[in-house]
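Common to both upcoming complexes is chain A, partnered first by chain B, then by chain C.
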Partner chain A sequence: MVAVNETSRTGRYDVRGLAEPDAEAPKTARIDGDSAVVDAADLSTRQINLELRRLVYGEGISEVTVTNPGAKHSIAVGLLTRCRITVDGSLGYFACTLGDGPEIHVTGRVGWSLAENMMSGVVVVDKNAGSLTGAAMRGGDLVVRGHVGARTGIDQKGGTILVGGNTGSMTGFMMQRGRQIICGNAGPGLGDSMYDGEIYVAGTVASLGVDCVEEEMTPRDDELLDRKFRIYRMDRPERFRKFVCGKQLYNYDTLEPSERKLVL
Partner chain B sequence: MADETAPSENTVLGRSQIFTPEVVNDIHMKAELGRYRMRGGGIFKKIPHWDELVFLPGTLTRFVIEGYREKCETKTVLGGRFAKKPLELDIPVYITGMSFGALSLEAKMALAKGASMAGTATCSGEGGMIPPERDLSTKWYYQVIQSRYGFNPHHLMLADAVEFFIGQGCKVGMGGHLMGQKVTEQVAEMRSLPAGIDQRSPARHPDWLGPDDLSLKIQEVREATDYQVPIQLKLGAARVYDDVRMAAKCGPDVIYLDGAEGGTGAGPHIGTEETGIPLMAAIPEARRALEDVGLADEIDLVVAGGIRNGADIAKCIALGAKAVAIGSAALMALGSNKDVAGADYEGTFGVPASDFYHWHTGKDPAGITTQDPELRKRLNVDEAAVRVYNFLHTLTLEVQMLARACGKTDVHSLEPEDLNALTTEAAAMARVPLAGTKYIPGVTEEKTLTEIRDLLAKHIANDTGGNRDV
Partner chain C sequence: MSDLFDLSDRKLSTRQGIDTEELTGKTFPYQFDATLVDDVDLDAATPGDDINWLEDVHLMSEDGIPAVFDRYTNAFLKIHFPIPEGREDEYARKVLIKHLQEGNSYGIWLKYRHAKFAQPELGSWLAGSPTVGENWRPPVLEGWEPPAGH
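The block that comes next holds the complex of A and B.
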């Protein structure tokens, strides 16, 4: 955490020690041409983000590597420009969120709510991610080569989530648009209450959620899967099943009396 | 032998106070529909309310401030805790979040324009930012709501303050509702939804569950907005003391409490009637919580729910609110629930204009809670904006009038000592004395018990074996 300076009032520091209103960019990055390396070992969340912003917006540097990220939370959030960021290590909660444009590669693991509300760009995580991965995501590609936790792509509104391993329960819960490609197994309640979008699963599905149904794969689906696996140089499992919204819950009053128990 | 069931007034034993005509009709309707009933507006049943409090203005114990001649400050600053740019309002009242979708484009624009004229803020509400509203608002809250419909980090950067919607007083614990007839192509596209569906928004946020991860979510949004703007947490008033303690520890700049009196564009009737506690009971609990965690001077309290006039606002401020937000009253200022040319409330909805609660139907004759292009034409943005401004200005004059009468040169100097209660219920909830007494239910008893306990302790300490009394 940032040291309390003399001008600060004690009230400027919150109970959990997360607020850093007075931090400044440390300007410690090693810059080499249009790339830079930030050693985050001794930096706080705010300092890392301020340094990233200084480099990307201020110095016009397009490639930044962050070393020793220490699984800190809220790193590389709200970047609204094209840039390439490599995080050499693991990140905590809310990693790479609220972005529009950046291509981010995390070589380790990440916590909950990875790439939440991403608008566009690419986030690739080499190992596992926690729950709520790609929550409310609106665009771009989110690739997790390992496993992910529960409620992957909850409220997803666009873009593609590609998972190399398994996903937990309630994957695609209330999903609105976009696609999810799960190479491993999906936990119980897949696609529960989804409005639209497609979920492709190569492994087993523990159970389907309310109003989620299986649909025939089309050549267009296969073309999409081939393309995504080619881009991220991943092995494509041969057979996928496709799950979509059953659209029974769109308008409650159109349900037959016997169908109304669906919502209990 | 008398016939006790003969068709005569003299044979009728009475009418059920439980199965009233409304209840019987409701049961018949549910038996047809097979679902709970939806409606707009706020609570119908009678609850302890602001009418049960009165002010104790200055007489001889304190002198009063001259109306019109002596200054009574109304400026209200929110979120100075961590934000580099706290929200500065000219008046202690602003327009709460109501979605584009629930309201027409014209209604959103008129609210924005009227609020700007009054020097105060508006809020995006659920459906995302609409550029005309942002353009017309000089101070604008952007909502981080459970559904994240239309949420865009570029729009987040345009905000003067960010509100995390966690719950609303009208239907605490529930997500938003927008019935299919109002989910037009445009509204649906902004929310990334299929058009015409009954939209039931999530009740829980997609990316955090409890206070520990909410702290991190706040950190995330602060990182994204560079600590420029205040972060406000909006809570429906339920377990207020515990909720506010937890909210305060999550590190916000402002906490917004919404009382059970609050309205909605559409919600389940049972949810509206049966959830949450009155604002009058919530504010003292929130103050107690903030004081107990030592943040009473750091975190600002905004309140809302069923606010009708400047007296309600002055009472909220006296109990400890920094600012008050209005929703239903702002719609009425626009012209909702008003007989306008071409409207037939009785014929269409079976109620007079003033009882119109059918905001969820999208058939609002005044063109406010609708997406119908023909009905929308009935709301003239510029004229409606002036009405909103006039109303906000009047509210402020009323608050000032009461504050001056109580001897205050700043409306924020109103305090609980300026109030008395007319009923024991109101005295207990608001924790102000029952008029003509010093009695505050609960508080008085607690004080007496403490005195007895202290006396007993002293008695035991002094007990030398019966030789002398205390």
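The block that comes next holds the complex of A and C.
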């Protein structure tokens, strides 16, 4: 049974985020032409997301600012249309996930799994992000101007992740496609078990993961880096190193003891 | 558009690969005529200041024919017109965007019938597209009765 608290909010609020029983958009946004401002201070996660969808789907609003987000989790998720959203503050985990089209700017920090499973769009975070940033991301640009935690871009299947600071351990773990640009240092196990994609690192690399190798930079790589740094108005570090999959794990080259017994 | 969706048009075979023609039961004019996609503006069609997610879309081949992969359908869309050398990826991306903007992607057709939550039908590719999924009801199989005890 899910605990639902009666509060002074406009509706019931499930503190664990499991039920979110109020399925109606609160309609509290201040709309001015093509833009709107949502004050999230007294709204639950579900109410904020319903209000965002009402505005961008129903009202055709193209620019929305969310104030007082209070580091709530799972905000601005599942938006499937072109729009610009500014979050004036910090967000919790699974922020801006499952997006296909929105351009989201977060002026504060975010928790883990930022922009997880993003299909297309742009997410820019001005400060730091937690672990699993860009997990399973499939397309779009994800920019974190500060530092990020461990396993950045785990299972990444496309898109570009640009980090202004350092990344933690196992960055690019099981990465399958896409690009990561790390301006600072990378922690241990960079690119562990990656299948494809490119990781560019300007700082030091603590250690490489299994089957991750360094490769020469090409003019095409420089074009990508120049373009992304220009678009997001960031200073490009002078020198990058490029890391890719060594492709030694694509096929077995040795047999397990049980397999050897079968073959012999 | 979605009103043309007809399940009986499908021609599913037992071969391993499944392409758009099999799933939809038809081909589309822009698969055969490059001039129909020449005016597609890739930058305008995608979020951000460059081609965004299309960066990962490249010209591939299916059954020995040039094709682009439609991730919304999980199937290839073949391209039958000659593609100028050096512009392979550009034309692959333009055909894909045209396909999505015209609502011909099989995955988008499924959305027309099966989306459970209100959302723009043509997603981020076309402004002002109709909303689908507002009045979803579970499909009912005629003559089916739930087993006793359920």
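Here, the second predicted complex is superposed on the first by the 232 of 264 C-alpha atoms of A that agree within 3 Å, B and C clash if a C-alpha of one lies under 4 Å from a C-alpha of the other, contacts with A are read in each partner's own complex, and residues count from 1 in each chain.
What we mean here is this: a contact is a pair of C-beta atoms (placed from the backbone, for glycine too) under 8 Å apart; a residue touches a chain by one contact, two chains touch by 3 or more.
All values derive from a computational prediction rather than experimental measurement.
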Report task. Would you check which partner chain A:Ala202 touches, where first means chain B only, second means chain C only, and both and neither mean what they say? Result -> neither
Query raised in the report: Now for A:Leu98: first (chain B), second (chain C), both, or neither, which partner does it touch?
Result: first
Query raised in the report: Thinking of the overlay built on chain A, is A:Val123 touched by chain B (first), by chain C (second), by both, or by neither?
Result: neither
Report task. Considering only touches as defined above, state whether A:Ile231 meets chain B (first), chain C (second), both or neither. Result -> second
Query raised in the report: A:Ser113 contacts which: chain B (first), chain C (second), both, neither?
Result: first
Query raised in the report: Counting only touches as set out at the top, which of chain B and chain C does A:Tyr57 meet: first, second, both, neither?
Result: second
Query raised in the report: Quick one: chain B or chain C, who's touching more of chain A?
Result: B
Requested in this report: Have a look at where A:Arg46 lands relative to chain B and chain C in the superposition and call it first, second, both or neither.
Outcome: first
Requested in this report: Classify the contacts of A:Ala136 with the two partner chains as first (chain B alone), second (chain C alone), both, or neither.
Outcome: first
Report task. Please work out whether A:Thr160 is in contact with chain B alone, chain C alone, both, or neither, and reply first, second, both or neither. Result -> second
Query raised in the report: On chain A, what residues does chain B touch that chain C touches as well?
Result: 78, 80, 100, 119, 138, 158, 177
**Report entry** Residues of chain A defined as touching chain B within the complex
**Finding:** 11-12, 14-16, 18-21, 45-46, 49, 73-74, 77-78, 80, 92-94, 97-100, 112-113, 116-117, 119, 132, 135-136, 138, 151, 154-155, 157-158, 174, 176-177, 195-196, 250-253, 257, 260
Query raised in the report: Considering the complex alone, what residue numbers of chain B touch chain A?
Result: 33-35, 81-84, 147-148, 151-154, 156-157, 180, 191-194, 196-198, 202, 206-208, 213, 215-220, 222-225, 227, 248-251, 293, 295, 297-298
Report task. Provide the residue numbers of chain A that touch chain C in the complex, in ascending order. Result -> 53, 57-58, 60, 78, 80-82, 100-103, 119-122, 138-141, 158-160, 177-178, 227, 231
**Report entry** chain A-facing residues of chain C, complex
**Finding:** 46-50, 52-53, 55-56, 71, 117-120, 123-124, 127-128, 131
